[in-house]
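Below you'll find the structures, each written out as structure tokens.
The same chain A turns up in both complexes below, where it pairs with chain B and then with chain C.
Let's look at the complex of A and B:
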């Protein structure tokens, strides 16, 4: 590993302010982007593998291969959002700086995911339940995301109006990320379901969120329940 | 997916050709192929001109003098007076100080940091009978600008004085090598250079602890 790469990776974790300052000044964008891409790929690949380890076998490989793509595709969609939002909030910056900032923030998240991966792997082995695995994985992702938000906030310029801009960009990023991850399911895989690379398209994340909300309130979608029942029967699965 | 990688392959070819070394070409090609929506704008952006080591000014004089002094004592008993490791540490301190001077020069050169402008603004506000709060803000701004200018002047002076001292050290060492000289005197000069170099890092702190005039 070159000294430059190692230095940038260390700075991503330990000195987010210096990374944000470099990006704001347009300095070292390539070395930051190079280190960020590497961190993003490695961090999400390992974390994906750990998430897939809940089910084991081929799902580890599938989840490890898919999670970097969730990050990449989300970034490809949310960088233009950040760029446009900055212009709308009257603090325009070159597109390259918006790309580098989002990339660096995501890389910091990925590095924290990498750090959390061993603990999550252990927890998944100890707590075998599907729902516990979902909650733990989501919590880990949320915790790592906070590290990325810190860098993003620092890179958004003067304090006045920064919170609103951050809220807007984060909302867009979270929605995009959730939809992309939803499109590339399954991740943990229920014990009753088959291991596949990607499930056929089925609604959107927002629809699923609404459905889950109704289910939690005791209101069930009978059409969907019947379709699932038919699917289970076709696979010969117990109810 | 094929379209994504198709565009990525095109970006990889175009962007890799812009790189100078095979390693950089390989890295750029891989990054562009996998993440062209993110990498391409960054690779196509222009970096601001890097501030390389200057070849003029006190920093260059100091570095040159240290290099020549090192050369003069190499392979002689005088080498113990000026170890390579000490010279490396001095170079690093001088580079830091020089960078600070560059940053301060850039800050002082900003139109918003023009002391004349800030003074005129303060006088204008006083003439208008502005509120005490507005006047206090303008005074703080002017005071900050003047402190920045003083700091820059102090850093420049420290580097100039160090450059003179390094020149003296070099000539002393060259003389000692060929004509013999008082080692004690040379040791004192080396100590003085080391102390001045250490002092470079303390210039900011000195400014911070000083009471305002």
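Let's look at the complex of A and C:
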């Protein structure tokens, strides 16, 4: 059991092609799923705790408990997308294999997150700024995500036409995980904000991205309101 | 080399599960082609209903069908006209072959949309405020566009593959692509209005 687990975890990291081949052939699905689930839970739990360590105290526990939920919920919403898109791209597989592939790719991502966690924890302690913490956490997640993409790409079948399928599935996965994470925020917690388990629902991550983009360019909410007001006046619209 | 092929070749050993019966198998009985069209339509209706999950109301069911109407209308009205034109120019593509191609097109669109139903419900229920609803609607429009284009691709490829080698010329391709263009126009005419109505006009 433990030897089997260790063997699968090693294969997940060292030879994603063999894991992808096993899934395509429907071999060892149970052991791959078991090892992947364990890796996913441990990796995201530890990484979540590290992200929460920027604020410390209760936020470490909250973030550690929430990040596995983000992964699991994203997985649950992305597997049907992969299954439907595979059929449309003429490479259908049973649902169990689509689920195993997505789970294994997420597990590989989680294992890399686990590897990056100590370095991120140190960086968050050295660089105390909130924005630096946001950038470093996002970079770590992006880097780990690349490892998962590699496995997913190999599992999608022949190279011909694979790029479009991968692009579609990845877009859906990224949008879903961003919205799920946005729904379960806060993660790092600004110094001025209180620590809570989950904030009330509000907008989408896309609005926050736009707001952050404007803020980074030095355009703040009040400036944008004035610009909108000037535009309305120019068009002769009522306030 | 990873590239986007206009007409993909099916996998050498296709899975014989539900998705294979719905989409990939070519040699199907006409009755199964009809079943494919109805199932594809039902899946597209489910996507429409999911797009209206943020503003549930009984009258929105009609708008949900509006999202699903273009693939069905294409299969029922545009493909017979393509058959008439192809036969008129003696292109050697039979009615059953066109019906099978249409069924595969509708079911391809339906399968993609069915996979997006849980995700759409999630976005509809988690995106708060008018801006969030606009974002969700934009994503749904992208999803329907992508699914529709994949369905049209499956239809066009099947019709062109069915044309005999000597008679599959530029005019056949032009007729098939012209019909697909009309399908795009139909979708562009119906879907944005239906999605707007499903979101209560963003009020």
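Criterion: the second predicted complex is superposed on the first by the 211 of 239 C-alpha atoms of A that agree within 3 Å, B and C clash if a C-alpha of one lies under 4 Å from a C-alpha of the other, contacts with A are read in each partner's own complex, and residues count from 1 in each chain.
Convention: contacts are C-beta pairs under 8 Å (C-beta built on N, C-alpha and C of every residue); 3 or more make two chains touch, one makes a residue touch a chain.
In this text, all values refer to a predicted model and were calculated from it rather than measured experimentally.
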item	value
Which superposed partner A:103 touches (first chain B, second chain C, both, neither)	first
A:37 touches, of chain B and chain C: first, second, both or neither?	first
First (chain B), second (chain C), both or neither touched by A:27	first
First, second, both or neither for A:72, with chain B first and chain C second	first
Greater residue coverage of chain A in the superposed arrangement, chain B or chain C	C
Contacts of A:164 with chain B and chain C, given as first, second, both or neither	second
Touching partner for A:94 - first (chain B), second (chain C), both, neither	both
Chain B versus chain C as contact partner of A:183, first or second or both or neither	second
Contacts of A:150 with chain B and chain C, given as first, second, both or neither	neither
Residues of chain A at both interfaces, chain B in one complex, chain C in the other	76, 94-95
Residue ranges of chain A touching chain C (in the complex, touch as defined)	76-78, 80-95, 157-164, 166, 168, 172, 175-176, 179-180, 182-183, 201-204, 206-207
Contact set on chain A toward chain B in their complex	25-30, 33-34, 37, 41, 72, 75-76, 79, 94-97, 99-100, 102-103
Residue ranges of chain B in contact with chain A within the complex	27, 31, 34-35, 37-39, 41-45, 47-48
Residue ranges of chain C in contact with chain A within the complex	1-5, 8-11, 14-15, 17, 19-20, 22-24, 108-109, 111-119, 122-123, 126-129, 131-132, 135-136, 139, 146-147, 150-151, 154
